[in-house]
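You will see two complexes here that share chain A, one where it goes with chain B and one where it goes with chain C.
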Partner chain A sequence: MLTIGKVIFKVTDIIILFAACILTMQLYSIFWFDGSQQGKAETLLVQFADNPPAEYSLNEDRILQLEGKIGSILIEIKQGKARFIHSSCRNQFCVFHGWLSVAGDSTACLPNRISISLKGTISDYDAIAGSQ
Partner chain B sequence: MKLYFTTTHADHKIALLAALAITIHIIESAFPSPLPGIKPGLANVITLFTFIKYGWKTALQVSLLRVIISSLLLGTFLSPTFLLSLSGALLSLISLILIQLPFRQFSLAEYQPGAVGYAIVASISHMSGQFLVAWYFFIPHPGLFKLLPIFITFAVILGLVSGIITQLLINQIQCEHN
Partner chain C sequence: MPGKNLVALLKINSKALLFTFLVLFITACQSDKDQAELYQQQLFSFGTLIDISILNNKPEQAQQAIDDISSKFDSLHDQWHPWKNGTLGQTNKNFSNSDFFSSSASILKLIKDSTLLSEQSNGLFNPAIGQLIKLWQFDQLENEHYQFKLPDPEKIQALIKKNPQMRDIVMHKTQIKSSNPSVILDFGAFAKGAAIEQMINILEQYNISNALINAGGDLKVLGTKNGKAWRIGIKNPAHAQKPSEKPIIAAISLNNNEALFTSGNYERFFEFQGKHYHHIIDPRTGYPARGTLSVTVLSSDAALADAASTALFIAGPELWPEIARKMAVQYVMLISDDNKIYLSPAMAERIELFTDRQPVIIP
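Take a look at the complex of A and B:
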């Protein structure tokens, strides 16, 4: 029993206060200093038109050559990242997008009807409202 | 046909406490919050006071009346704000009951927490209840959990403050037990 001024702190109160402080610190360590793989991408999904997406591992570096609707495109996979390096389309939005590196990142070449996205264990984005 | 409408002493008590809680709630909602989602929650002082003095049944009625009527007066009835307020109030009362249960069950009444302990429990559970509802219904995204430690830190601090206020209120107010 501890009395400060007119306020009585019972033993149980002090135990509860300590428990609350420990809980708070635990929450910080769980949600802030968690070295988990959140946001790390593992595979590249390539979708052409309405076909089901094809998966490529991001672990091996390679260049994919694909045939789109109006021509060929080249996709480079390097060190866990992916990008369009060549497209036969006019605007080249897909090429200018640059590297995709985080799970959930995606870009598309609409004239070729090809879209690519990165998949990881946990996606960092809930929805994409366009990054350009 | 005549209708007899009688009110008991308990009704008057609930009405008085609910009116106090509603007043505090509405005054508090007029002040801007320094951080979104963090409010002192002084209306919970009344709920806590009621819980400690008159037990959980009275506290539940006061708390529900407070949530419903102040939301009607503020124009947030059945809106997301109301849902958050309701979930917080209900979860904090449930956890107060659960904390008190063992002390009642095993007749350890003298060891049961005082106002400060109850206030911290109520504040943390109020915050987590609101947080879970916000996460489940409004922003179902794992990134939201990054905010949880900050919210719980404020809940502990504000719970401590409201517990001290409740204790001073209990010291100050002489009331009959029933």
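Take a look at the complex of A and C:
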């Protein structure tokens, strides 16, 4: 009986250990990933008209030159942020808009039919209100 | 003693079992199995950038709904444009005669709904000032040859004197006329909200109960994002001018069927001879409204939220609580041009602010 008891007790140990591991992993993902890493933008999506968006890493500083519907566009990626720095459009709202820095944020040059949006693996927001 | 061992065994096991169930429960809550897939699509329509997110496990159905929404936005944009040859354009032309004429059901509904809201807002939300909006050329923003010019002050004054109001429109069954020939309807501060309501109806027809439609930062949600409330960040209006300011001033989680609309002076504007001219025109003065940086309104009715965000922006830091009461809007945040944050009590309970500045809560 004692032997059987010992064997069962060892199985219980294993169950507890296993359960503790899973619990730790769950708590880690809940409290770590939803904490300090939240909302960090990692990727810039650039879409022209109805085409599928092109992806650019925000880790690499660069300037993208693109052709829109009415002319050229320059987009700057710098230190994890992105913005329009030149557009052939008249009203220049896209350039006035300034930096996008938060995952979920987006803006567009409507006359050129080009939009830029930021994405992150874990995003703080599903949308940004008042973004245009 | 076998009995004693069994009791001890059960004691240990009951703790282990409880613990195991707890772990399984947490794991089950986060299981990917029950999670619906997220479909996202961006559209250039309605003079803005539209983002549609749908949670659904039927990709064809989601795509069909998005296609329907896309063509509906396009068609409403033409129908509701004040100067194009659609139904609103025709209606506006007919107002110059003083006779009754027929208009479409969709335009009659816009007129009815917005007349009530215009009265409630003491005329601060006034879709009858289409000619004034045209003077500022804010209806021309999509035109690639557009260039900002300051309107002639005399022309502004002349239009203010003519005082076009929604109540000048007389309705008789499906027939309408205007008793004031200066009435030209421009639903720029209402159409987006009214259109979003129609898009939500399309989603419901497809039995889609979890979605977000975001039209250039004005949005409405259905259901949740896989059990989590849709969480919205609100842009800090001071960030555009001062990049050292945080980009997001606040966050709010939306419940099923709630819309969030923001009017901001940073959205569409021009700098001309050192002055800032934005697109929200005060119908009392004929010039861009002063005193407010942004207003955010939450309501279950997107059209009301749209009209109210404009009316409260124009009302400014002193008058907004009265107008909000009249328009029956409960959830309001207003940021004034001296960077003070004003909240309605209901909004104060739900919003999460990311600033040290103490908000002013006005009942």
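One rule holds for everything that comes next: the second predicted complex is superposed on the first by the 93 of 132 C-alpha atoms of A that agree within 3 Å, B and C clash if a C-alpha of one lies under 4 Å from a C-alpha of the other, contacts with A are read in each partner's own complex, and residues count from 1 in each chain.
We adopt the following convention: contacts are C-beta pairs under 8 Å (C-beta built on N, C-alpha and C of every residue); 3 or more make two chains touch, one makes a residue touch a chain.
Just so we're clear, the structure is a prediction, and the values are computed from it rather than from any experiment.
Enquirer: Does chain A have more residues touched by chain B or by chain C?
Expert: C
Enquirer: Under the stated touch criterion, which partner chain does A:His97 make contact with: chain B (first), chain C (second), both, or neither?
Expert: In the superposition, A:His97 touches chain C alone.
Enquirer: Touching A:Leu17, do we find chain B (first), chain C (second), both, or neither?
Expert: After superposition on chain A, A:Leu17 lies in contact with chain B alone.
Enquirer: Have a look at where A:Cys89 lands relative to chain B and chain C in the superposition and call it first, second, both or neither.
Expert: Once the two structures are laid over each other on A, A:Cys89 reaches chain C alone.
Enquirer: Where does A:Ala108 make contact in the superposed view: on chain B (first), on chain C (second), on both, or on neither?
Expert: The answer is second: A:Ala108 touches chain C but not chain B.
Enquirer: Return first, second, both or neither, reflecting whether A:Ser117 touches chain B, chain C, both chains, or no partner chain.
Expert: In the superposed model, A:Ser117 contacts chain C only, not chain B.
Enquirer: Once the shared chain is lined up, is A:Ile70 touching chain B (first), chain C (second), both, or neither of them?
Expert: A:Ile70 sits against chain C, while chain B stays out of touch.
Enquirer: One more residue to check, A:Pro53. First (chain B), second (chain C), both or neither?
Expert: In the superposition, A:Pro53 touches chain C alone.
Enquirer: For chain A, give the residues common to its interface with chain B and its interface with chain C.
Expert: On chain A, the residues that contact chain B in one structure and chain C in the other are 8-9, 12, 15-16, 23, 124, 126.
Enquirer: Under the touch definition given earlier, write down the residues of chain B that touch chain A in their complex.
Expert: Chain B residues touching chain A: 111-114, 116-117, 120-121, 124, 140-143, 145-146, 148-149, 152-153, 156, 159-160, 163-164, 167-168, 171.
Enquirer: For chain A, which residues are in contact with chain C within the complex?
Expert: 1-2, 5, 8-9, 12, 15-16, 19, 22-23, 26, 29, 47, 49, 53, 70, 89-91, 93, 96-99, 101-102, 104-108, 110-111, 113, 115, 117, 124-132
Enquirer: Under the touch definition given earlier, write down the residues of chain C that touch chain A in their complex.
Expert: Touch residues, chain C against chain A: 2, 5, 8-9, 12-13, 16, 19-20, 22-23, 26-27, 30, 42, 44, 47-49, 51, 53, 141-142, 144-148, 212, 214, 216-219, 225, 230-235, 237, 239-240, 243, 247-248, 251, 260-264, 267-270, 294, 296.
Enquirer: Flag every residue of chain A that touches chain B in the complex, lowest number first.
Expert: That would be residues 6-13, 15-17, 20-21, 23-24, 27-28, 31-32, 38, 122, 124, 126 of chain A.
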